[in-house]
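Here's a structure for you.
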Amino acid sequence: MSQEIEIGLGKKARLAYSLDDVAIVPSRRTRDPQDVSTAWQIDAYEFDIPVIAAPMDSVTSPETAIEMGRLGGLGVLDLEGLWTRYEDPKPLLDEIATLPEGQATRRMQEIYAEPIKPELITQRLHEIRKAGVTVAGALSPQRTQELYSTVIEAGVDLFVIRGTAVSAEHVSTDHEPLNLKKFIYDLDVPVIVGGATNYTAALHLMRTGAAGVLVGFGGGAVSGTLNTIGLQAPMATAIADIAEARRDYMDESGGRYVQLIADGGMGSSGNFIKAFALGADAVMLGSPLARATEAPGHGMHWGSEARHQTLPRGKRTNVGTVAPLKEILYGPSHQADGTTNFIGALRRAMASTGYVDVKNFQRCSVVVTSSGR
Amino acid sequence: MSQEIEIGLGKKARLAYSLDDVAIVPSRRTRDPQDVSTAWQIDAYEFDIPVIAAPMDSVTSPETAIEMGRLGGLGVLDLEGLWTRYEDPKPLLDEIATLPEGQATRRMQEIYAEPIKPELITQRLHEIRKAGVTVAGALSPQRTQELYSTVIEAGVDLFVIRGTAVSAEHVSTDHEPLNLKKFIYDLDVPVIVGGATNYTAALHLMRTGAAGVLVGFGGGAVSGTLNTIGLQAPMATAIADIAEARRDYMDESGGRYVQLIADGGMGSSGNFIKAFALGADAVMLGSPLARATEAPGHGMHWGSEARHQTLPRGKRTNVGTVAPLKEILYGPSHQADGTTNFIGALRRAMASTGYVDVKNFQRCSVVVTSSGR
Amino acid sequence: MSQEIEIGLGKKARLAYSLDDVAIVPSRRTRDPQDVSTAWQIDAYEFDIPVIAAPMDSVTSPETAIEMGRLGGLGVLDLEGLWTRYEDPKPLLDEIATLPEGQATRRMQEIYAEPIKPELITQRLHEIRKAGVTVAGALSPQRTQELYSTVIEAGVDLFVIRGTAVSAEHVSTDHEPLNLKKFIYDLDVPVIVGGATNYTAALHLMRTGAAGVLVGFGGGAVSGTLNTIGLQAPMATAIADIAEARRDYMDESGGRYVQLIADGGMGSSGNFIKAFALGADAVMLGSPLARATEAPGHGMHWGSEARHQTLPRGKRTNVGTVAPLKEILYGPSHQADGTTNFIGALRRAMASTGYVDVKNFQRCSVVVTSSGR
Amino acid sequence: MSQEIEIGLGKKARLAYSLDDVAIVPSRRTRDPQDVSTAWQIDAYEFDIPVIAAPMDSVTSPETAIEMGRLGGLGVLDLEGLWTRYEDPKPLLDEIATLPEGQATRRMQEIYAEPIKPELITQRLHEIRKAGVTVAGALSPQRTQELYSTVIEAGVDLFVIRGTAVSAEHVSTDHEPLNLKKFIYDLDVPVIVGGATNYTAALHLMRTGAAGVLVGFGGGAVSGTLNTIGLQAPMATAIADIAEARRDYMDESGGRYVQLIADGGMGSSGNFIKAFALGADAVMLGSPLARATEAPGHGMHWGSEARHQTLPRGKRTNVGTVAPLKEILYGPSHQADGTTNFIGALRRAMASTGYVDVKNFQRCSVVVTSSGR
């Protein structure tokens, strides 16, 4: 691992880069934007666009999951969110959207103290299934053991296990930790698991048989992880490291290609595009989709970290409402702030650098600018 | 290509520098400001000053193109702007200048949806010709095929093809792309083409026979390219790289010297001067000239990126009005903010470092300051 | 000493890193937060948590020292502060808390001009002793000679000598400087001494026989040392350097392990945690505890530098009041700003990186992020 | 010259450091502040403190020059300022202090258009001489030829030639430039000359026989040089480079030691102290002394760059009034913002790092902090 520097005698550190630290540079060839492909496939599931709506209550409801599917992407429902705790969460979503700044965390801690109801998991997944789109739901590693059979019986196409710093080697003294390898092997459904933020953790997750690995802690725009517990995994470095793990794992596994899904910290279309340039196959979006007219958060955005009962590591953030989901994905844009037309922007970036599909675009050149030095 | 660093395992990046990252340092010799020459020549055309007014509606109208010529520089009319879409664009320029912040892009999209009228191209170029100054007009690569014969028949001295990330190897599936080499060879008029932002792209453009290459994406002050599509080409690095391409091309061509014209991101006289120090022969100015009393944008400034129909990558910016064009170029200044007396400032910088002309000034020493580390 | 760069010809400098410059990165293993130990021991004294309340009047009164002890940590009373100058300092604490911004320093200079009364030292230490918690008091190096016997006779468990840039080799022409080695040898009580900010100074302090060394100038949040006298010792580098001194001293002393206590600049739980990751065994907290409901400063915070009679090097700072001391240490948090639940956050960081105790956590990986490059 | 990096292909640059980029670090030894010496000597003139009041109308009048002398330092009168253009400049100083922001430069250009009167030069220098302090006056290189005999006849102890980027090899086509070497040789009075900002220029100035060299462009706080003409010479690097030139010149001259006087950019006592740590023997202060109650600028501050008739490169800046000159130099401070007690701060910095005089203090260790990376 290169770029090591010495913090002080006897303590070395790597330099790590965020997406804001880098920029894509054109090469000598250009192309028409309409000539590039943005298709993405994981396991047997094909999508027009490599975009996944994050399992966050401010982003994905059964309704917006369905709309994401119809628009060519994938929506993942948080199976530990309000939709599986309350029969009708809409009044609570309305309340959260209007809580005064200083009281939001405390009230959300109360609202999310309500137990999860397995029958609501079943009901929500059925609602999405009925619409004919790909069905995906997410659990945290802590609750997977307890709830996964409900999920499987209800029927999902893709199973997402998503937490902060998920590892394949969790140690616990008071309970048997989830054996991810056995769990995934036994399951009939492809699993996406993460977040991983480094080569080793990701390689171990790939070895569990996961179809996709989430890169990042999730919830970039709403995360206070650095401030509260001192941890940070700058995204550009994390993606590039794990792309290398994917290559190495492909070699050791005799050709199994694990999808790399960047998760968190991509608030603008510019950063969304850089994630692919660094090595992502798909991107899980939070705040950009929380800005949709249809978003259940009404322009407020929060992740599961923000409602932790004793150590919240993020907060409800006002990201505003800018356009319908369709315009956020496909435009047209009527401003240049990187909040709409994500796919049009991706097409143009690929065209400006001469690449025909996302896989090839991962090879494009990047520079580190002064913000990243 | 040196200065490579590792973003993460398996993804390397260069460090790239903007003009703000560098500063010129004095050497041991000084000189009187009146003893230096700021003359510039491209093909057979000679200018007192190495300054080109950018083909942007906020900067160059037929009137200001004429005034630029009379003041010793060059004005380039945007042949896809308002002056070739409307018989009388002045009411529209007035309207754009007074649009509320949030509505400007959308209304500009409407205004610029009006088709280009070939007869107006002819008329505008004739207006400039009549004044006896050097005549130059700009088209985008996309429209060059369609409109160039109109332009040539109307008569221009210099033909400018200007777009974002222009390459000599554009690939398209639904139309035959412009063959720049053949196009320039067939043309009787010297061509300036760009923007190029890297060694290879620029070298290919030089091989097409262009008399000058534009360096940069254009529209620095008004560009949202990084935010929307993740691309950025920091100017100091781009100029230095392409200066090397110029040297190499001079060698391979047996002595053809291609003019290097820095385009975009030079809002202050300080950055304007640094462009020469890095290797530019001339500079295309946007925002500094949009601040002229005579500027058609009335202190507002926008580029063609800002009015793109589906993916605007810049916005109308309020740069204000500071002084007549003559004072912006030749002073005297009555403030020290780098908005006036660009030529006086260039003379003083050359004098302080002891160089007699712009070509020699390209060799001056620069440092990277903390803003660029 | 690596990472040397050249400031100019003939002047080299090291790169030095603050805690804000670095972040902790997860490794491949995770663990349950309840499975980690936060215990700390110095000499014969054992603590549940590696947290020391700084000897500052805004943080530690006899009452809060007692409460710190009851909560599992240690409170150190400033024996040169208001509690040993005034029989009843509470009205003065109230006054300081309400002084207008511009007048605070001057009035504090007056208040602290009152002489120290040895009998009050005795009385305050007895108050703490009576409560049954570990008793610790701090003197500056300048006053140690004069006052230490009073302190020893009153009875302390831990003796703290705390100043800016304390060295074991102080030179003076008008008085015999404190011979730390002899002083500590003669004393029956374990001594914590500092601040040291570099390898050599710390090694010399370790050789005096100190049980613990304070790392840093103290008073990060309230210090104007850089601005006034140009000195700064970025904390991450200081801790890492002195951790190396601890290793080398352990070798030369045949196994004596000196406790390394980071002091100053840890305003958030994130930075508090990074101090351990860099090599600290315990942390002396100022501003985080000044935010306690019980804090004697009522949300204002100042160090002894702020009341220097001729050269104040810090100022009274409004840090606000956020929660009872117990919540600041143990939570629960109701916001994600890193001001509460320091121990919960430390547990989670250790769990996320898979370490079981603080000593092992010192080995965790860190990265330098763009704020530190 | 090390630390070279590549801006782009074929353009290299050094990394250059400002005083804000560095910090002084303590070493293992400390000392009592009263045991250090701040004495300074140039030629036969001895001073208690290494502080020179800059020849700027906002700082030095005949009165404040006298007061500086009485306080142990040196005041240098600008012989091209208001005091030699007007019999009674006080009403004009009052007017400048109260001009509205936007009109200051233009009105100052008018006020300074008044010709210099040689008889006023004589009169002002006599006023200072009568007070019995060391007499020093400054001319720009452009006016030295014309006015120096007046100055010499009036009588000065130290002659200062001060301009931006002064070189010993000025080239001019319309007049014989000042031959510094011959000029200084012929003169009976020791000469201080500058600003130089690099090794070579400084070495050439030393070879002219100057007793002291000014380092820097002057007028840090009020300079717009970077913005207007793209030049900048970060001070830490400039001082260190020129300290090396001093060593090399001492060798080649067989032992002549040229005084290195840092000039400009030292607005706080912290940066003032760092200048010595980098290699300065004395410091010329502008803004810190413009903050004196007695300062002729009444809290406004401007240099000669700010009143240039066609290309002002600085502006009148409001630095405020903080304390009498004596308190600015010797304290006591009643705030920690680095605006007062410069000498007390210098003593403390020297004491904290264990050095006994300024010459030895030049060897102290510095680090580059994150602001300078």
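Observations, loosely collected:
For reference, chains read A, B, C and D in written order, and residue numbers begin at 1 within each chain.
One rule holds in what follows: a contact is a pair of C-beta atoms (placed from the backbone, for glycine too) under 8 Å apart; a residue touches a chain by one contact, two chains touch by 3 or more.
The structure presented is a predicted model; accordingly, all values stated were derived computationally and were not measured.
Where the sister copies chain A and chain B meet, the same residue numbers recur on both sides for under half of the interface positions. Of all chains, the one whose Cα centroid sits at the greatest distance from that of chain B is C. Annotation: 57 Å between the Cα-based centres of chain A and chain D. Centre to centre, using the average C-alpha position, chain C and chain D are separated by 40 Å. Among the residues of chain B, those touching two or more other chains are numbered 15, 17, 237, 373. Pairs of chains that satisfy the touch definition comprise A-B, A-C, B-D, C-D. Chain contact summary for the complex, chain C toward chain A: residues 1-3, 15, 17, 22-32, 34-35, 199, 236-245, 247, 268-274, 277-279, 331-338, 341, 344-346, 348-349, 352-354, 365-370, 373. Interface residues of chain A facing chain C in the complex, by the touch rule stated above, are 5-11, 13-18, 20-21, 102, 105-106, 109, 164-174, 197-198, 200-201, 204, 224, 226-234, 237, 305-306, 309-315, 371-373.
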